[in-house]
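Letters A, B, C and D mark the chains in the order given here, with residues in each chain numbered from 1 onward.
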Amino acid sequence: MRITDDPSTNPDDYEFRHRLRVRFAETDAMGIVHHSRYLPMVEEARVAYLRHIGHPYQEVREEGIEMNVLEAWMRYRMPLLFDEVVDVHVALVGVERASFQMGYLLTVDGDMRATGVTAHSCVTPAGRPTRLPRWLRDMG
Amino acid sequence: MRITDDPSTNPDDYEFRHRLRVRFAETDAMGIVHHSRYLPMVEEARVAYLRHIGHPYQEVREEGIEMNVLEAWMRYRMPLLFDEVVDVHVALVGVERASFQMGYLLTVDGDMRATGVTAHSCVTPAGRPTRLPRWLRDMG
Amino acid sequence: MRITDDPSTNPDDYEFRHRLRVRFAETDAMGIVHHSRYLPMVEEARVAYLRHIGHPYQEVREEGIEMNVLEAWMRYRMPLLFDEVVDVHVALVGVERASFQMGYLLTVDGDMRATGVTAHSCVTPAGRPTRLPRWLRDMG
Amino acid sequence: MRITDDPSTNPDDYEFRHRLRVRFAETDAMGIVHHSRYLPMVEEARVAYLRHIGHPYQEVREEGIEMNVLEAWMRYRMPLLFDEVVDVHVALVGVERASFQMGYLLTVDGDMRATGVTAHSCVTPAGRPTRLPRWLRDMG
């Protein structure tokens, strides 16, 4: 496993915050957000983070780099409910030669709901490994 | 983290196999199955496993037990493509007093595509923790 | 069929506009938003509309009314792409004794992408038909 | 609107039946299958139908033809529940010069749950309109 640490539960340790609202379509018959639905939420936050730092993912893709997901891990601490406004705190938690990791903390009104990490590499549109762009290596 | 080990890559180490076919709706603009879509696949396999061992999840739910997801982790080794027939190999990889873990290996024609683990506890329909059913504790 | 008319393609004919951004997870292997993903988008817009008119859906639900979907229809005119900012224009296009219809127009930078209609009735949490709330009947 | 007729509620009027089981991930906080989740179900059935008639969709795609969705319409008659085994009855209900329509009837143990229609055209991978393949025109 690349992912071994649960990221910080302190919002101050994160560089960026993305806010979203839970959709009804994201809930399940337990009355809470289905566990698979957190990954699109943190992906939305990751894309917003890339835009925030001046590297919109669509531009990265147009330059011939896709950010592959190698691993994903979520820890569900307290449920998310329909219509809740969720703050997804985002941090770049590791940059290696050929991969990087992003950490996430999800809060609602300051209450912790979940943490997660995704590990990524870069690939060409044909799916071949390629090295990280310089701006990303420089952030390590 | 509860999940620390990547489960076996040998199908023979798994008790049960569930077969499914990739839906077009599960693909993304990279032309492969989106990483969030593996969790519903392993959930489908977990539900099939419970049916296989004589404890259909719907019966478990009607007895007042929901199986909460505490953590989920996936490792994406090779992409899954539209229309591929996926074997999801399932094993109970740990039973503790108040939680259990399930391991998964996804293969296509014997080729490894992904591994994953989910950690669960049991809760009442109102969301309160409750102990594991006896049949599950006895499997530990 | 209850739904027989394609709603207006003129944004001025709509009472309310909700803006959202396409998620990568909503795309498919054709490189565009999967057709099933428009329904959660218009649902998000419908929920935002209810909040806008002072009747947040979560409050409606807490008063014992669920808004069932009887029919849904979408017309896909031009594809939606990853990261596009979508304006979902919303209108109440019909109120009958026991049901109502909502119309939608999706635009990006003023260009039409899709239209749709959903037809709804009201049910109790147990799924039994119940009449529309007075405020909704009064909007007819 | 291209779609104007609700298709037959008699399973005998359909050429093909595809069976699937409701996933937990397809349910919502009303305890039933979310209305957006029927479209991937009927898409799965449409893909199975194409395989059944000797034209697997992946082969069609490799020949340079994508089947675009022009319109989709669903009528939700009775809810679908978690773990139910659903028969999706499929028929080609119309073939025109540049488009075709598929009709669907969803039943559980013979009880009708939903009907639907999707309208399609054919496009190249670049998204340009192209005519229907001959085998499809010949089915009209």
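Structure notes:
Going forward, contacts are C-beta pairs under 8 Å (C-beta built on N, C-alpha and C of every residue); 3 or more make two chains touch, one makes a residue touch a chain.
A quick note: this is a predicted structure, and the numbers were derived from the prediction, not measured.
Annotation: A-B is the more contact-rich of the chain pairs A-B and B-D, by number of C-beta pairs in contact. Greatest centre-to-centre distance from subunit D is found for A, with centres as Cα means. Subunit A and subunit D have Cα centroids lying 34 Å from one another. If you average the Cα atoms of subunit B and of subunit D, the two centres end up 28 Å apart. For the pair subunit A and subunit B, the distance between mean C-alpha positions equals 22 Å. For subunit D, residues that reach two or more other chains under the stated contact definition are 24-25, 32, 36, 39-40, 43, 82.
Here subunit B touches subunit A in the complex through residues 1, 3-6, 30, 32, 35-37, 39-40, 43, 66, 68-76, 79, 125, 127, going by the rule given at the top.
Taken in their complex, subunit A has these residues touching subunit D: 24-25, 27-29, 31-32, 34, 36, 82. In the complex of the two chains, the subunit A residues touching subunit C come out as 21, 23-26, 39-40, 43-44, 47, 56-58, 82-83.
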